[in-house]
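Okay, so subunit A shows up in both of these, paired with subunit B first and subunit C after.
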Partner chain A sequence: MKKQFRNAINTGIIFGIITIFLFLIGFTGISADLLGDIFRNKTAAPVSGLTFQMVNMLIFLGLIGLWAGSIGSHKEKDQTTDSYGSALLGGLISSLVHGLLVGGLALLVGTLDKNGIKINVYLSEVLPAAVKLFILGKTPIQGALFHLVFLTLTGFLGGFLSRSLGRSAWRVRWTDKSNEIIAKVAHMPIFTKIRSNRILLYSVYGLILILVFLLPLRAGQYWNYTIGTVGVYVLLGLGLNIVVGLAGLLDLGYVAFFAIGAYTMALLTAPTPHHLMWNFWIALPIGIGLAAITGLLLGAPVLRMRGDYLAIVTLGFGEIIRILSKSDALTSFTGGPKGVPSIGGPTLFGKPFESPINFVYLIFIAVLLIIFVTNRLQNSRIGRAWEAMREDEIVSRAMGINTLKQKLLAFAIGAAFAGLGGAIFASRNQFTGPEDFSLMVSINVVALVIVGGMGNIPGVIAGALVLKGLPEVLRQLQDYRVLVFGALLVVMMLWRPAGIIPSSRRKMEIEKEPEVQDISVEGREK
Partner chain B sequence: MPEAKSPAKRVTTYKVIQSIIGIVFIVYIIWRLFVVFIAKPSYGPDTWARFAIAGLVLGMVYALIAIGYTLVYGILRMINFAHGDIMMIGAFGGYFVFEILKAIPAPTLANPQLNFLDANPFISVVAAFIVGSSIAALSGYFLEKIAYRPLRTAPRLVPLISAIGASIFLENAAQLLFGAQRRDYTNPIILTRGEGWSIPIGSSDVILPYTGVLTFFLSILVMVGLYLLVMRTRLGRSMRAVAENKQVAALMGIDVDSVISRTFIISGASAGAAGVMWGIHLGLVYHFVGFLPGIKAFTAAVLGGIGSVPGAMLGGLFLGLVESLGPAILGISFQLKDVIAFGILVLVLIFRPTGIVGEILTEEKV
Partner chain C sequence: MTIALETRSLTKNFGGLTAVDNVDLVIQENAIFSVIGPNGAGKTTFYNCITGFYEPDKGEVLFFGKSLVGLSPDQVTYSGISRTYQNIRLFANMSAMENILVGEHARLHSTWIDAILHTPGVVKEEKEAVEKARQLLNFVGLAGLGDQLARNLPYGAQRRLEIARALASQPRLLLLDEPTAGMNPHETSEMKDFIRQLRDKLGITILLIEHDMRVVMGISEQIAVLDYGAKIAEGTPLEIQGNPRVIEAYLGSGAASGLHNTEAQTA
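Let's look at the complex of A and B:
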């Protein structure tokens, strides 16, 4: 009983903090707008003093309330049976705490706003309009009471629902079920048939390819641009996938190689600052080669270090490249902070590439090429060496693998892919500058590889689509994108470290791991 | 490292290249020192003194942040990537304390416009440090609890990625909460930035800023306290035991989870104090303020030998000095001072991964 009490109160506090945080970053308002877009009720007339924006916000809050109640009604995390009474009581207590916290917030911001204090000077998203929306256009006390009652009711309902629907250990069930469904779908007769028959398999691939190739023709300028960007990120993801996913080396400065590819293309083909104006097809291999060589040069000293050092050194290297590219010292060489404009595009059979569609196809072809190369590498001796090395370096060394050489190879190949991506990216944008190569690019790529599934080609593509494509569709959520990346990285590590679409070998490794790591006695000389 | 394992020291190509690079580098530094100080002095002694003061103060802040890295690394063998962002949280804590105190009127007869901040600077500064440290310590505690504890037995890359995620999350949460603009730290009027004792050196007066002196001595105080805590107290002893071997420590009756939690609290508190110092001395807070100092402090920790508290202090001081003197000595633009810091990190990892006072690390750790 006491334990359940504490659990329920804790749940209430956690959900209260989450809701307060969501309000403070302005997400409650945005979610109301988003729901308004979905329901198309933005312009509807207000009902009994509530505008539909408020109703939408309440729907959003109500969902959180339901969730809080259902979590709060559990005695323990994965518990399966308990009486209705204790479930309802738990739901009620946690939702009451939740409601008190949120109501208190409403009262506080409402009163402050009423007294003419500009909260948004300090908390930039708490604009007067947001406060007004949050207290539902009433007085602060009324608003606070409304939230208290509303959240308590929804929480109570949540507790009831979760009990009556037989929620028995949601999380366990969910993951089990999702795995089950995935397995079921994968083993459906149609798929097994296709997989066993090579001709069928390739014709399905071919069909998908044709669909993908037809896509840009139907899409407009903007969407082609977006598809191109996502494609470049797929390229980068596939490259980093070799470094992080296969060889197990965390590279946080991946953007550096991207930058080298882009700058090589830019400086060789642009009229300023060097007036070389080379052909795209000559500059491309040079960019790829330079990126690979830089990878080797950076890797040689650093790859002897253990993983986390590598992460920081590569991060530092990425920053060095960016700082150098915009410093005064190299302005005459790289164009400095202003960047390099009018980068030359490729020509094919005497026809220059003009519209984004051409570049989309170029990127598609590059992606296909890289997928092919990665696939062959992964299943070759080298790929197996990488994976062996990732799983246990000492054992792989005992097996006769030259780990340093393999690491260098992985690093250089990854860098070469980034160089390719950078060169195409610069050529498509016809401009490149230091701001294209912020740390965020590296983080994005790392995030998409990890979220998608390390060491797995479909995973990387899925990751790029989800992390780069989805925010383009949900434009309102742009501001929250990076925040969600961060949270996603943590959540993925806690919940599904192998990624959305895990590679089979990687999954085995992560699931088998436990005990071994911690017990190894570390002899420590003092 | 294969060559460390073989009984006889083999001369590998890498070693040869390493030595050549080392010699070239040292010769170049000596030549530059000769040029700037003797052959063609580019600055007078007053300018050097200014650089040195700035470097010492900055170095102390780095050292304070580096200690947090070192403590956590010593225990979990994990780089707490979000440490710089904990510092940012501390800096914001101090900022809001100053803002709130400034809004409280404390009129006196002589000056009816006076506010609490300027009337009681001592209390205000103490309050800022306490609040900043506590908030940072609290976030350190929850950070460990949420993002690291469940992953303690996971392969090494997993908690590191989680830490990176936490870092990105904190930075962007701060950006969304407080906005992207840079905010000026409102110091008490006594601690106005840029004011201080002026000392005549060479041809002109060098200002020894009050904020710098405060930062310098306060961080020494905190560091000595931390050193004593680690070396002399019961908690410190259990921390060292856990760092040595978790299993055995647990068998000896040490509550490993609570020790790790408390380590995070301590490292968070020191980062928070460093954040408030950063704000008071350098005067700007924004969501990204912890990023560069965080990485540089990590460099400092590695430089001093990660896992060692005195090493972190030395490394921090050294890095601060190099950062402020380096561009002048190497004769490059001051825009490139961050490049020097990162360059040092790479060089240290190449030539002496164990750092200045580092222990001899086994294969397992390096």
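Let's look at the complex of A and C:
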């Protein structure tokens, strides 16, 4: 009992710190504006001198308050009874602490501001306007009291809701529920009908494809650029999916192969520094090939290592490639830190590719091709060998799998995909330089594979959409989008730990839909 | 009679510890041969030396006359030896069918280019592989469970799946490492019949490590006993049961001498 309340106090302190932090970096104001955009400033008529912005900020703070209360009301793990009383008391305690801290902050910044001290000299985001917003345009004491009461009430409500909605293992339930909903939708009569009829299935695929291909015509220049970037990341994700998702080799330097593809394209087709000016269609396979060969060369010594060691070595390799590309010694060869400008674009039937639209289609085709190849590989002897290696390397050797050879193959194929992505990326941007190949690219690609769902193609596409598409959608949040993005990722991993679209096994023994399963078990040997 | 497997003064040291000490064994083709011994006697290390997981420090392993020393585990599998593990080691997140298909790896030939191009040969090979896997599922009594993830199968089914996976590479010699560990008497007796069937129906030579003496004495034709890495006895089940050195290894020196002289033991 006592322990629970101590935990409730801790929860309150943590949420207090979070809220204070959000205020100090100016996020409360931004989120208020964002909510204003969403509600189109129709939330409520200003109550007793509150502006829309203040109401919006209060909605945001209220949500945090609800959360704090619901967490604070949680019972201890070893606590058998979960009475309303203790839950409400826990919620009340944590929200009271939360409110005290936030109220204290309001009092502090309000008083400082009133005495003419410019806080934004020290904390750039805490402008006088932000302080005024935070204390709701009242005196510091009034503002502080308002926060205290408001957060305590919302927290109490949060504790009550959390208890009455039956929160036990809500996280697990959410995962189950989302899977259940997906399964239910997938088994709706219309879908099972489509799946059981091949012609229907392929025509539905075709329809989706046509829609996807029509999309760029409606989207503007900027969105086509974004779609193209997402597409390139799908390519990278599919490549890394083979290495990490299937073969289980954690490669943190995947950007190296992306860079090799891009630089090959750049150096072969650009007027500087070599004035080769080759055709795009010749440079493309060379870029892919070089990336694959680099994969083999790097893999041969490195793939004898396992797990963490492999991750560190590949991480180093990724950085080496980037640093080499901007080193002084190689400036005459790679263009150095300035990069390579005016990279050539492809021509098709004599027509040069000019707008992002053309590249979007090129990337679409590349993605389709790679999906096709991945699919074929995954469902073959080779794909099974990779997955077996991921599951248990030692046993897979005893199954007759030459693990070093299979690892090299996975590495080289993954590298080739990255080379393809890099070559197209460089050509579309008409520029490439060392800054395109930072560690962040590798981390993004690993993250999109994990967030999407390891080891399956739809997962990678979903991951790329979320990781590269969502930040564009969140652009309104300006500098805070990384913060929100991080929070979203955390939430996503809590709710769907196996990824947005978890990998599922192909049905092989019984290839029909579940409803005919019973019969086919009996009459399988027909 | 052909000799399936022969080891000549096979030795493996770990630092100062001799885990396998000059073991000579001859296993006839089509036999069921058991290796027994107390915990830590070196039985699993002996297996690992045969299957290429460890390279022996000394000695020779001959499989149908060909030396296996220096081969890697995958090459040993190609030459026709397959094994199961003491603690079940299935590919847990793959379906039962896929587990067996991985087992068939050594028998299949498609390369990555074939896989991408889907050449008619590959399509045919895959079809046959899946059919073969179905038959194996049937054979081990797991029909209908092929699409389950290996980790979701019940314990006994996992044991049988592991054997099916080992059979998928079409071995001539199967090494079983405690196949009845953790089974109840009913399951154990089923497994016993099953092992006998493997030999009788499929003609596979079987090398067995087992602790359950009812199984060992019930199905083996020859038994070798290891203790501290060395072979201390070899013979038919009857001979082994009466061998004082074996009893000593299992129950301690007191028990063995006690058979002859109860007085000496208490002194």
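The definition used in the following text is that the second predicted complex is superposed on the first by the 424 of 526 C-alpha atoms of A that agree within 3 Å, B and C clash if a C-alpha of one lies under 4 Å from a C-alpha of the other, contacts with A are read in each partner's own complex, and residues count from 1 in each chain.
Just so it is clear, a residue touches a chain if its C-beta (ideal position, glycine included) is under 8 Å from a C-beta of that chain, and two chains touch if they have at least 3 such contacts.
Nothing here was measured: the structure is a model prediction, and the numbers come from that model.
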- Greater subunit A contact set [subunit C / subunit B]: B
- Message: Taking the superposition on A as described, I'd like to know which of subunit B and subunit C A:388 touches: first, second, both or neither.
- Response: second
- First (subunit B), second (subunit C), both or neither: which does A:248 touch? first
- What is the contact status of A:376 with respect to subunit B (first) and subunit C (second): first, second, both, or neither? second
- Return first, second, both or neither, reflecting whether A:450 touches subunit B, subunit C, both chains, or no partner chain. first
- Message: Under the contact rule defined above, give the subunit A residues that sit at the interface with subunit B and also at the interface with subunit C.
- Response: 394, 397, 509-510, 521, 524-525
- Note on the structure: Touching subunit A in the complex, subunit B uses residues 1-2, 14, 18, 78-79, 96, 99, 146-147, 150-162, 164-173, 176-181, 244-247, 295, 298-299, 302, 332-333, 335-336, 338-339, 341-343, 345-346, 349-350, 353, 359-360, 362-366
- Item | Complex contact set, residues of subunit A against subunit B | 21, 24-26, 122-125, 244, 248, 250, 252, 300-302, 304-309, 311-313, 315-317, 319-320, 323-324, 327-329, 394, 397, 404, 443, 446-447, 450, 479-480, 482-483, 485-494, 497, 509-510, 513-515, 517-526
- subunit A contacts subunit C in the complex at 373, 376-377, 380-385, 387-388, 391-392, 394-403, 409, 413, 505-510, 521, 524-525
- Query: Which residues, counting only subunit C, touch subunit A once they are in their complex?
  - Reply: 51, 53, 72-74, 76-78, 82-83, 85, 89, 91-98, 101-103, 105-106, 108, 110-112, 114-116, 118, 122, 126, 129-130, 133-134, 137-138, 143-147, 149, 165, 169
